[in-house]
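I have placed the structure first, in the form of structure tokens, so that the comments after it can refer back to it.
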Amino acid sequence: MLELIVISTLNGVLFGMLLFLLSSGLTVIFSMMGVLNFAHASFYMLGAFFGFQLTKWIGFWPALVLAPLLVGAIGMAVERYGLRNTHKHGHVAELLLTFGLAFAIEEIVSMIWGKSPVDYRVPALLDFPAFTIFSTNYPAYKLFMLAVSIVIFIALLIVLKRTRVGLIVQAALTHPHMVGHLGHNVGRVFMAVFGVGSALAGLAGVIAGPALVTQSDMAAALGPILFVVIVFGGLGSLPGAFIASLVIGLVQTFAVALDGSLASAFGPLDPSAGPSVLTDIWNVTIAQVAPIVPYLLLVIILIVRPMGLMGTRES
Amino acid sequence: MMRKLTLAIAVIAPMLGQAASAEDTIKIGYIDPLSGGGASVGEGGLKTFQYLAEEMNAKGGILGKKIEIVGLDNKTNPQESLVQAQKAIDSGVRFITQGNGSSVAAALSDFVTKNNTRNPGKEVLYFNYAAVDPSLTNDKCSYWHFRWDAGSDIKMEALTNYMKDTPSIKKVYLINQDYSFGQSVRTDARKMLGAKRPDIQIVGDELHPLLKVTDFSPYIAKIKASGADSVVTGNWGQDIALLLKAAADAGLKVNWYTYYAGGAGGPTAIKQTGLDHQVFQITEGFANSGNQAAMDFEKAFRAKVGISLWYPRAVNEMRMFKAAAEKANSVDPVKVAAALEDLKFEVLDGGQGLMRKDDHQFFQPIYISSFGKLAANEPFDEENTGWGWHMVSKVDTAQAMVSTTCKMARP
Amino acid sequence: MTAKVTPTSTSASNAPGKPAGDGLRFYGVWLLGIAALIVLPMLFSSGGSLTSFSLIGIAIVFALSYNILLGQTGLLSFGHAVHYGLGGFAACHMMNAVVAHKWPIPLPFIPLFGGLGGLVFAIIIGWVMTKRAGTVFAMISLGIGELVASSSLILRSVFGGESGVTTDRTALPKMFGWSFGPQLQVYYLIAFWLVLSAIAMYALTRTPLGRISNAVRDNPERVQFIGYDPHVVRYLAFCFAGFFAGVAGGLAAINFEIANSAYLGAIQSGLVLFSTFIGGTAYFFGPILGAILVTYLQLGLTSVTSVWQLYFGIIFIGIVMFSPGGIAGLLMMHRPLVRAGTLRTVILSYLVAVVPTVALACGVILAIETVARFSGGETINLFGIGFKPQSPVTWIVALVLLVGGGFVARLSWGRIAEAWDRAATVARDRGYLA
Amino acid sequence: MSGAVSGKSAAIEVLAVEKRFGNVGIIRDLNLSVAQGERHAIIGPNGAGKSTTFNLISGHIKPTSGEVKLNGEVISGLQPFEINRRGLSRSFQVTNVFARMSVWENVRCAVLWATGHRYAFWKNVDSLPEVRERTAKILDDIHLTHRRDVPAGLLTYAEQRELEIGITIASGATVVMLDEPTAGMSNAETERAVALIRRLTEGKTLVIVEHDMSVVFGLADRISVLVYGHIIASGTPEEIRRDPKVKEAYLGEEAH
């Protein structure tokens, strides 16, 4: 049992950190530009596929640097030629643009790399068990992922606290209307923020690709959870996004690890009653409901605390 | 106005063009995922059927008619399958084949049955090559549905017969996809193991979401924690490949009894785990079965298509279709259906099979094979791993028969 | 077509107190639509056409219901299929219950129960969801959509798990001697409900609630100061949208005789968003055009190209960026010009632009198909000309069409903009354009 | 500070209202009384809290402490629409109309609640005679009948300001609050607007925030001077003109 807890905690934190790499960019973009970037998870997917392709051509380590840069450049192009032109039609149009983009990216990816998972391998250098805990191996690559996420997290903190752009971003988080007063630089700041956000998502993709599965529906699978994270954490709150990422990461991992059901807690129902909604709910295990746990959390938080965990703004 | 008009023309034009098919081809509608998560499996199946059609056409087709395989993408979605089936029927298709997803199979079987009742004279047959939910030949059985794959209960019967005689198995962990097929695997395993080896402990019984899990390591941690020595799973597609991949990462060493470890990605994952001959598969045939004709076929197939033959049953299906049509001397679906009933047939990997009249389930020899290093007389590896399938046990047709509750409504 | 024109039109409104001629034209359009629905299956009677028409009819009801949210109330939902799906399940269960208990309810009444299914869920969940509009609502709708879709696989007794709930539409009591076995009868049933729902939804736009919904869409803050609670308005609109989505789901259940979790899923929600937006949200008939086009493309393109969804995406992005009013918006842009009699010059500029624009489109198609079929090597058939994806000739042709077509097309679009400006100025002078 | 007209409760009464944003007090100890039928102007330098006062009374924001009464009934803490339904209507400093709807629709929406149609979804909005007549009358009043089918977003600025007034008075509220109705208008337009306001608020209670002193002194029965979130003087135009505190704090600095 202890072994399960340790392993699940590690896995949960890891998944949570990955989520944060994505949700941080999404939060900052949303706060500054008012755009919920539907295609954010698609940038994550692009990161994974670029990582895969570049790894094939030039090796994993150069790919680790290059692929996020490429994704960042694409993100900037999207901001410059897409969102900026759509801005005049309002936020709904911008949201729809990114929605269409997410759709198109998925199709382009599956057109180029096919619909089945690609064979994106862990680099040989990191393909060994890092340590063995109660006879279970923990792969070194996962530790590497964790390390990269933490490094990026610290770097983000420093950028936000110490640099001018960081201060602008912070100001934007607390006072979204102030962004309008940035003057003629606003376009470039937006582009940079969008680019960095996309690059972070791309980086998450590059490092997650070998550990998870790299295929064309990976964005669609992760996207909704990402939105849950930022609503749960509170729109526009980076600390909120951080906590929510970890909470969702841990909750989902632990939910899988638990076998309990109402039936195991309170004993089986009278079998003569026949199948009903009650028996469904009674017999379902926590592990089975794991995928819907994030959405349940979302509904609960909306009822209890509509602005999210750390949010200050209503919308 | 102009725009409206062009739009109208664009909308209408293709609807006009749905003429009946030429009479000298037999169109078989292949309805399976060609996009989305199941696409890799679906495309493999399509290529297999196309290869078979080409092979038959080269030998003169069926009763002198050419066979054409029409690929239709159902996105593993029952409604979409029905739309595609309707589309296929309208374009002259009278035979439908499908395999991926028992929910699709149930919907299609139901659809075909209704279609045939409502449109007498335009009957359609549904050849099921891979959907193994037992209910399709039991409570939901249909006269117009024929299944060449062994139902999951039949496979479990064969598997548990093997496990019964393997005393090293003490603690079994069940992990399956959370849908009808996965559930029937888990129920059958519990029931049959309980009957044949009551001393075996079921230490875990897991259902996970279908094709949605990207990281199985939490599940692997659970299996590890349970102390299981064997895992039984009906997982297919990415769910088996990722499961084995996660097991490899965590260094889990158990015996895997699987239905579909041989699917795309599975062999690669097994090779990575280093589980030499510890992953078992239950099939109606496999590359290194030792049957010369089958091995020749496999060789030619691999050379042409580039994948290994996942579906020996597809070969049986197509050849038996031909046999039935020739027996009936007609390609009329009603006559073919009648001819298929109780038809005996020499299957690809050797041995006699039977299309049972009671439930339209095809019974055939079942093999249990393990994956690992190859012996000298085993020429075929999988996915360029250098490893391949090795015969462990063969269960003859008679021993792989199960009873049915089907009350067939005959036309 | 990026001419500088007035941003958007008025809502789906007709000015009050119209002259009698307008009223006549108004009813004429509806009667024409109904007549077309009756006649269509006589012109195209193949099973495929009937299936297509049936699916299009369902899609129209669904898209119109979605536009109650998006176009009328300004609520962008990513989970509208939830109501559609629940309507489908409600209808299936109702049909089975009717058969089991021998209730005297014939099939044509079943969509009503589908609607109730959608409505009940909207009533339950809507109050929390519609607290806020905009992006927050969009995200919540997405989350709820995922929640319901995933839950449907857990609550097997209601949703039938993966395989769903099946039913037999012919087992219900007959009406007018119709068994509803043949697709033709189902088509007429769908057409009947389509007309009924369309009239009801159109009427809704002309009620006080409908108009206040528009006000909430435009300016929820101000609405509070004319006595209305925007939350209540959004909630009511959400319930209506849920009801009609449920009707559409019920029709789908009748058509397919099955309801399963895919009805509720993100793909279905995305499709209705596509249909509605491509058609145009600002006019009542916009979603109708969109539903026809998208359903048709969905049915037709799948057999032509394996990357049909990419074309969808491109069309959608194009509409969002260049014509947020959708097809309906594009069409209606011309109305003041028609009235002012200045359409001719614009049409001429269109004609000039057709050739390069088509060339550009062909270039895009050729490029996409080349990439898509590169590994497979299937020939691309464009207007009867075969192109080999591996051949450099194909690449060059694609490139020439893309670059050349694109360049000339841009020039010609500039001409359109100029012609448009001139025409619009005249129209403005003559008082047909504000 | 004078109280209500004897016998009747005051139309608006603001009692010791305070509003803080975080630690910053924007409004402190605000007391204000507007009698029935009175035209009351609130003036004060920029940032004095005039719009905040409007927002506090109309329910747009909630006071931190204190009470607001409408016709003797406590309304602080109520939602804006609840206050509106009790007979108080307001306009906005920044034009705040329904941009994509026609002028006609704009005004009609504002008429609907007051005519009792509420959220009705069973009535044809075009066949409600009293709604139509009232809307037509208001359009006529604000001289926008000829622009009735134009989307509000496409009106000229002055027209939009007039529409804003039209929407505000459409419900027939007895208490009308106008936030800088003539801001940004030319002299001629201002004159027209003042005449319009005078006519349309006949017999009603009017509270107006205005920078243009000629408008204020020409229109108002009474004036309150707001400085730093506090009313320093309240009285007739003559009294205000003569009040030394006002001269010092306001008129002295900003000659209008």
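Remarks
Every chain is named by a letter (A, B, C and D) in the order it is written, and numbering of its residues begins at 1.
One rule holds for everything that comes next: contacts are C-beta pairs under 8 Å (C-beta built on N, C-alpha and C of every residue); 3 or more make two chains touch, one makes a residue touch a chain.
Quantities reported herein were computed from a predicted structural model and do not represent experimental measurements.
The minimum number of touch steps separating subunit A from subunit C is 1. More contacting C-beta pairs link the chains of C-D than the other of the two pairs B-C and C-D. The distance from the centre of subunit A to the centre of subunit B, each centre being the mean of the chain's C-alpha atoms, comes to 36 Å. One inter-chain figure worth recording: subunit C and subunit D are separated by 43 Å, centre to centre, where each centre is the mean of the chain's CA atoms. Mean C-alpha positions place subunit B and subunit D at a centre distance of 74 Å. Multi-chain contact residues of subunit A, defined as those touching 2 or more other chains: 288, 291. The set of subunit C residues that touch two or more partner chains comprises 150, 309. Looking at subunit B, one finds that residues 35, 178, 209 touch two or more other chains. This structure has the following touching chain pairs: A-B, A-C, B-C, C-D. The touching residues of subunit A, counted against subunit C in their complex, run 30, 34, 36, 82, 85-86, 89, 91-93, 95-97, 99-101, 103-104, 106-108, 111-112, 220, 224, 227-228, 230-231, 235, 275-277, 279-281, 284, 288-289, 291-292, 294-296, 298-299, 302-303, 306, 314-315. Within the complex formed with subunit A, the residues of subunit C that make contact are 74, 76, 78, 128, 131-136, 138-140, 142-144, 146-147, 150-151, 154-158, 266, 270, 273, 277, 307, 309-310, 312-314, 316-317, 320-321, 324, 368, 371-372. If you check the complex, the residues on subunit D that touch subunit C are 58-60, 79-81, 84-85, 89-90, 92, 96-102, 104-106, 108-110, 112-114, 117-126, 128, 132, 147-151, 153-154, 167-168, 170-171. Interface of subunit C with subunit B (complex): residues 44, 46-49, 51-52, 55, 150, 153, 161-164, 166, 168, 170, 181-182, 252, 256-258, 260, 262-263, 267, 289, 292-293, 296, 299-300, 302-303, 306, 309, 327, 330-331, 347. Within the complex formed with subunit C, the residues of subunit B that make contact are 2-4, 7, 11-12, 14-16, 18, 34-35, 73, 75, 77-80, 82-83, 86-87, 89-91, 101-103, 106-107, 110-111, 114, 117-118, 178-180, 209-210.
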